[in-house]
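Read through the structure below, which is laid out as structure tokens, and then see the notes.
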């Protein structure tokens, strides 16, 4: 249910109106008139019908006046016009532009035939139609220099955009030779080479008045134009061949002018807005890149590239400190071992042995001296004893009593006078001292007492 | 750019702006496009500044050649 | 580096930064990469400066005269 | 020691230190290892100094001109 | 004693000490051995002093100049 | 007596003492023995003095200079 | 009497004394014997004196120089 589209009556009517009016802007209808009535307003209302259908139709006062015959019920007619929906009443009607008795219009036949041929050639193909320049600088206009159309157009253009270059190609727009002049106008404007768009048109009029715009030469000229062409013929419902082949159809000349010329202010604003957008886009682009670049440039690895170096430097310093420590430790260890060995060496010094040796030596030396001294003492004693005894045994003891002892020079003791001769030296030993004597004479007898 | 019609010029300017705004261009391309855009926008502005109203009417001279002559008529006066 | 586009240059700078940040490089490599990164970032900054300067000139230049050549890496190399 | 890369040098230095610290070496060996370690540590420190110096130069060098050659052990050997 | 390594020297010193401690030597022998021991111990101590000195010099030497030769017994012999 | 070791010398000195003490010697012999004993004892004492002196020198010699030769009997003979 | 040993000399002295004590000698003989005894005693005393002197010299001689020859009887003859 949710996808059910519900329209109001007005909405539906509006859609119907668009479809109908755009589909049938200009149509020829054949039928029989009934209920023909002219109101006091001058407008005529009637019904067109055939065997199975009927169509409301209205003929406004201006058209009524142009009729070349007296319409009435039962008449078989051709009607040309557009379909309009009248929403208030919920019906539709044909707004009739032209009304002719059936079988009368040779112009009509020619119109239909030309339209069919051109259509077959594809000249009405929407794909062929060129877009209008949005901002034309030079506008060509083909119309009568004295008609209402040029006045209307210049007024509109003047009001909206002061700085435009308008070239008017003057041309008769009705009557004999009008088509040729229109063709020349289009060609002349194209020959100028710099016309951006061409408006071809005139005010409204009867079918005959407008006929020049139904000529094939005009249609061909429009198709051949290098500049896009806007047709602006008549008022509202006047449809011509020119309208079909033109790149755009404007209902009136002033409408054509409005289509071509925009408000200058809007154009100026458009340009400055574009320039603004251009600069903004570029600036934004640069800013974005700058941000991206700055974001990268601010990254620590670029702003502080020495950071990893510091870690490495610390590692090197650590290693250095450890190295020194370990090196000194190695030396210390070796020194400790050496010190222990040296201490033991000192403890094992032969100094103590020297002291012991000295002690023993001293003892021995004392013993040597003692032994010798003892030996000498014993010898002294023994000698002393012998000498003492010898002293007491001296044979010279008798001398003290007055005896003396006489010896020869040879030391022989003189015991008899015969032992010496006179003159012989003798030595006399006394109790005290001695005498050195010479023998005077020898005596056989002396004066001693006989025993 | 002399021969550009204002119309084309403006169209290209719009394309330029769009191209820049979509941001698919490299910076170098953007700069190039931007400079072109600046030139285009100047061109357009100049055109608008310099535009002056001219009214001319075509006429045939003695030789039959079509010439454009001033149209001495002021529509605004009648408005 | 002459022919590098700004975007390529910036992309390489990004790769350079990433390479440095992952920290898998040897010291020698990271020094080299860092030098390249600095050069790239300077290159890019210079290019952006130049581009901005030209933007300003273009924005202010009411005479509409455009500078002669395109903004390229070549010019910078000769600087 | 010319071709060693800094990392190799540092690794060897650390191995050297560890070898010394285990204390299983004779004094002569210890001394030899120690001297090698000192040489390695100097080498490393010198390289780091050089690297830092170059980084500073790079950081300050506004002209963006990079120094000519890569930072190598060779340069140091000739110092 | 020139060619002796420190460890050899130390080993001989210890042997010397042991020989002295066992007391089987004559006085002359023990004197000789003791003198040799003293010489060895001095030698070792001197070597250690020198080693320590060089260690400190190397550790502190910021100029990075290493001393010319290895630490040997020869140098000491000439002292 | 040159080649006698200190211990031998001392042993002979002891024999001298024994010979003297037994008293079997003539005075002349005793004197001869005595003189030899004195000489031996002096020799030993001198040796001990020298040894002691050298030990003291070794103990005090902080310069580490060792005396030229080994401590021997020869040196004494030349004294 | 040169070759006499001190002990022999002393023994003869004692025999001399004994001969005198027996009294069987003529005056002349006893005088001769007595004189010999005196000479012997003197000889012995002198020898002892000399021996003692030398003992003292040896004891005091700190230079350690021994007297040239052995203590003999000859010296007495010359006295």
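Letters A, B, C, D, E, F and G mark the chains in the order given here, with residues in each chain numbered from 1 onward.
Simple rule for what comes next: a residue touches a chain if its C-beta (ideal position, glycine included) is under 8 Å from a C-beta of that chain, and two chains touch if they have at least 3 such contacts.
Fair warning: this is a prediction, and the values are worked out from it, not measured in the lab.
Based on mean C-alpha positions, which chain is nearest the centroid of every protein C-alpha shown?
Of all chains shown, the one whose C-alpha centre lies nearest the global C-alpha mean is D.
In terms of CA centroid distance, which chain is the most far removed from chain D?
Farthest by centroid: G.
What pair of chains has the most C-beta pairs in contact?
Chains A-B share more contact pairs than any other pair.
I want to confirm something about chain D and chain E. Since they are copies of the same sequence, is their interface symmetric in residue numbering (over half shared, so same) or not (under half, so different)?
Different; most numbers are used by only one of chain D and chain E.
By mean C-alpha coordinates, which chain is most distant from chain A?
G
Determine the centre-to-centre distance between chain C and chain D, using the mean Cα coordinates as centres, and give it in whole Å.
Computed from C-alpha means, the inter-chain centre distance equals 34 Å.
So what's the Cα centroid distance for chain A and chain E, whole Å?
Averaging C-alpha atoms per chain gives centres 67 Å apart.
Could you give the separation in Å between the centres of chain A and chain F, each centre being the mean of its C-alpha atoms?
The computed centroid separation for chain A versus chain F comes out at 100 Å.
Taking each chain's centre as the mean position of its Cα atoms, how many Å separate chain B from chain F?
138
Any chance you could list the residues of chain G touching two or more other chains?
6, 51, 55 - these are the residues of chain G that touch more than one other chain.
Which positions in chain A are in touch with at least two other chains?
In chain A, 282, 286, 289, 305, 309, 312, 320, 323, 327, 331, 334, 349-350, 354, 357, 369, 372, 376, 379 touch at least two other chains.
Dump the list of chain pairs that touch, please.
A-B, A-C, A-D, A-E, A-F, A-G, B-C, C-D, D-E, E-F, F-G
Considering the complex alone, what residue numbers of chain A touch chain G?
Residues 369, 372-373, 376, 379-380, 382-383, 386-387, 389-390, 393-396, 398, 405, 412-413 of chain A touch chain G in their complex.
Flag every residue of chain F that touches chain A in the complex, lowest number first.
Chain F residues touching chain A: 6, 10, 13-14, 16-17, 20-21, 23, 25, 27, 30-31, 34, 37-38, 41, 44-45, 48, 51-52, 55, 59.
Can you list the chain F residues touching chain G in their complex?
These residues of chain F touch chain G: 26-28, 31-32, 34-35, 38-39, 42, 46.
Flag every residue of chain A that touches chain D in the complex, lowest number first.
Answer in residue numbers: 305-306, 309, 312-313, 315-317, 319-320, 322-323, 326-327, 329-331, 333-334.
Residue numbers of chain A touching chain E in their complex, please.
Contacts found on chain A: 320, 323-324, 327-328, 331, 334-335, 337-338, 341-342, 344-345, 347-350, 353-354, 357.
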